[in-house]
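Okay, here's the structure, questions in a sec.
Order of writing sets the labels: A, B and C. Residues in every chain begin at 1.
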Amino acid sequence: MASNFSIKHQPGFTAIAATCFVVLYLPIIVLVAYAFNAANSTSEWGGFSMRWFQSAGQNVQVIDATLRSFQIGAVAAVLSTIFATMAALATTRTAPYPGLTFKYAAINQPLMVPEIVTGVALLIFFSRIKIFTGYSGLGYLIAAHTAFCIPFAYLPIRARLENMDLTLERAAADLYATPWKTFRRITLPLLWPGILAGLMLAFVISLDDVVITEFVKSGGQDTLPTYMLGQIRRGITPEINAISTAFLLLSVAIVTLFFFVSRKRD
Amino acid sequence: MPDKPDRNAIEVVNVSKIFGSGDGQVAALDTVSVSIRENEFFTLLGPSGCGKTTLLRLIAGFDFPTAGEILLYGQDIALLPPFKRPVNTVFQSYALFPHMTVADNIGFGLEMLGKPKAEIKARVAEMLKLVKMEALAGRRTSQISGGQQQRVALARALAPQPKVLLLDEPLSALDYKLRKEMQIELKRLQHETGITFIFVTHDQEEALTMSDRIAVMSSGKILQVGSPRDIYDRPAERFVADFIGESNFLKADVVGVSGGRATVKLSSGTEIPASLPDGFSPSGKVTIVVRPEHAQLGGASPSASLSGTVENIVYLGTDTHFHLRLAGGEPFIVRRQNSRGAGDGIVQGGQIGIMIGSDAAQVLKD
Amino acid sequence: MATAEEVAKAAERRDVRDRWLLSAPALLVIFLAATGPLLIVLIYSFLTPGPYGDVKWQFSPDAWLSVFMERDIFDDTLSLAAAHVTIFWRSIKLAVVTTIATLTLGFPTAYFMATRSEKTRDLWLFLITIPFWTNLLIRTFAVLQIIRNEGIINTILIKLGIVSTPVQILYTDTAILIGMAYVYLPLMVLPIYASMEKLDFRLVEAGYDLYATRFKVLRKIIFPLVKPGVIAGSILVFIPALGAYVTPSVLGGGKNMMLSNLIELQFGQGRNWPLGSALSITVMIIVMVALLAYVRNAGKSGVRHG
């Protein structure tokens, strides 16, 4: 009947969407379920148990890799967010000036190159520097992570800046605030949600990285993802499910936080 | 007001503002000069793109002139940054700081000036009282209505006691009734604070009701400066007459000029007296303007200045508009106030005479 | 005293200088740890392999020759390197099919999300964002557990009696395709959704009012208006899919290599860094060509739709 005609309806779209959401979540649910499996393999269900969480929690390699992941992630996220904030301030809310397009391209460049290529490039470059300086610490991983986190941190900060009403700063200047005071009292407070979102995004991106880390790391510098990749290649035990589940929980917590921060309107 | 000393708060001297460069150059202001007196409610009136907002921004310091001087009580401020000028602005969008309370917004300017806390507190309280917002001091600015935001914006700009207050179409976001209220409120505030107000608007009615003096702008130039009555009754140029109110334009020949008045001969052959713009003495062909309410309809009597055919009669409640076509083919509108009673026998298609009073016609410069 | 114009010019110069200073740290880090090293890769691709990895500083075009060709060890003639060509073909094919598959699934999904009520829209967005933020390795691992011989799909198929022995999906091209489509789907949905959310559905009403069918409305009104989102989504999926490393490593076994695995091999057992470098540059060229094609396409459609 014409009375039921909905302009938004497209045949089959809802079914496809429903399938997508089910398919997106089903594997994750199965993975989490098997983390609580008492059996030794992920092929059969041996009853509910927390044993794989305990075994992962006592695995020195896992603890070591986790701590390293957090360490790299925290430093890279903070550095990249600071740099991205500065870059965003320099590249928004201005008439085009010489070099502006270059800056956009340069900042987004890490997104445009496949990770494998960056990974290889850093492997070559850093191996030279290692020979030259003798230093083989976490600095290389931190530098690499900071670089590829910058475009991600830049994204929400720039978006926030571009949506910010320029007249607010003009009003502050009109009310006798010097440029620095305007920045401190008006721009920065209004930018905070964007900066926080950028920080979280950068942290998660760093935490998730496999490819570049795999190529840049020296011996004994496994992060949690590269450790897991090694384990998965060797054959799987429910311990990987347990680690994945814990990792997943952390990601969901951060997304939830991000979601609320970036949706905050004023 | 004759008892006021004629001291100028702002003098704009030969100011030009050119945007862009090369072929893309646009002159937003073209050698503009104007003086704004102390304690005056001065309005910059014009259509969008006429340069009125640019001029306001130059006075506020958000932009710098390409050439010319802007004097504030004799001191050139054209190149000072906005935070060094004792001039405050009420923005069109209000630009209230969303992360601060109403009181913090009002106190912001004083805080930036480094005033002691106690003084800021007292002054904020005083301002809240002035704009009748005491009850909402602790609210976030996003939690108050548009009209209230408007009041906060005013209080915030007035709190540091600026030498001049700039208002950039501050009433345009309000609905009709609130706008009327705020017009009166603004006049009251100006009177109570004694601060010079420079008000920008494209709304002629707003300009006429509120201003002491009006500057009419078009295409980066100031066309005429004068009191609302001057501007309305004696427009100097066609644009001014056309932009403010309704007008009838008639071609005429100057017959004689004496004592600031002219005698002009209309196309019908009738000669009528007409006022002249200051310092203008025309000859030959001119355009004169007659406001629709300054002409009367009068049967087909021979004493009429003009005669025409009634093409359309539009009833508007308080008035009736008679759309006429003159013998020479030009349109002419007469407005007549309605009174209770029967019709007057004027019908569509009929011939009718038009009488133009001795003080109704004004010669235009262009 | 300085004229107004001089003061304005000086202020502008100062502003541009400050803006360079502000962006300097980000640009420097990216140059040192992302862009700059790409130049070294280019140089390495023209050098001779060292015996234990790395390079000897001696010019050689061999690496570039062996990207697509191989030299016969007996008569020194060049012939097409079948193994490399197969891997290139597989990588490009899988990346394209992944992009098409995610677009086919992602477009209706984004449409579904955008047509929900304002309140529930956030929930759907949240649901699509969670996988996006979840570790790619974990999601690939999750797919592995579903499609392997002892996984849930085969278990169900056997229980239902549809097949008697498990269907081998894992370690095939299909496995890689399923895995990539799965992990990159949110990358397609999010930008399309962003465009779709801004879509003015009154235009759709106008379309129906002017006698368009549902399909015509979709093709002539909705699709052109959300095209920027579709293009962004396709780029976001195609680039990582072409250079995918984790998914083929985990789901393709050692056998079904993609370009990234081939490159990795040259820096590992292959000990042919110049060839690895040449292959990397080749991947980048393919990506750049694809990007340029997209950008030009986007530019054209931008003119047409204002």
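Operating definition for what follows: a contact is a pair of C-beta atoms (placed from the backbone, for glycine too) under 8 Å apart; a residue touches a chain by one contact, two chains touch by 3 or more.
Source: prediction; values computed, not measured.
Asker: Taking each chain's centre as the mean of its C-alpha atoms, which one ends up farthest from the centre of chain C?
Answerer: Farthest by centroid: B.
Asker: As a test of whether you follow the contact definition, which chain pair has the most C-beta contact pairs?
Answerer: Ranked by contacting C-beta pairs, first place goes to A-C.
Asker: Report the inter-chain centroid distance for chain A and chain C in whole angstrom, where each centroid is the mean of the CA atoms.
Answerer: Those two chain centres are 17 Å apart.
Asker: Roughly how far is chain A from chain B, going centre to centre by Cα mean, in whole Å?
Answerer: Whole-Å distance between the two chain centres: 56.
Asker: As a quick test, compute the distance in whole Å between the mean CA positions of chain B and chain C.
Answerer: That gives a centre separation of 59 Å.
Asker: Could you list the positions in chain A whose residues touch two or more of the other chains?
Answerer: Nothing qualifies.
Asker: So in the complex, which bits of chain C are touching chain B?
Answerer: Where chain C meets chain B, its residues are 2-5, 7-8, 11.
Asker: Using the touch definition up top, name the residues of chain C that touch chain A in the complex.
Answerer: Interface residues on the chain C side: 15-16, 18-23, 25-27, 29-38, 40-41, 44, 54, 105-106, 108-109, 111-113, 115, 122, 126-131, 133-139, 141-146, 150, 152, 182, 185-186, 189, 201, 204-205, 208, 214, 218, 239-240, 242-243, 245-246, 249-250, 259-260, 263-264, 267, 273, 276-277, 280-281, 283-284, 287, 291.
Asker: Write out the stretch or stretches of chain A touching chain C in their complex.
Answerer: Chain A residues touching chain C: 7-14, 16-17, 19-21, 23-28, 30-31, 34, 42-43, 79-80, 82-84, 86-87, 89-91, 94, 97-99, 103, 106-107, 109-125, 127-128, 143-144, 146-148, 150, 154, 204, 207-208, 210-211, 214-215, 225, 228-229, 232-233, 236, 240-241, 244, 247-248, 251-252, 254-256, 258-259, 263.
Asker: For the complex, which residues does chain B have touching chain A?
Answerer: 60-62, 81-84, 87-89, 91, 93, 95-99, 108-109, 112-113, 142, 156-157, 160
Asker: Quick one: which bits of chain A touch chain B in the complex? Just the residue numbers, please.
Answerer: Per the touch definition, chain A meets chain B at residues 165, 167-168, 170-178, 181, 185-186, 189-190, 266.
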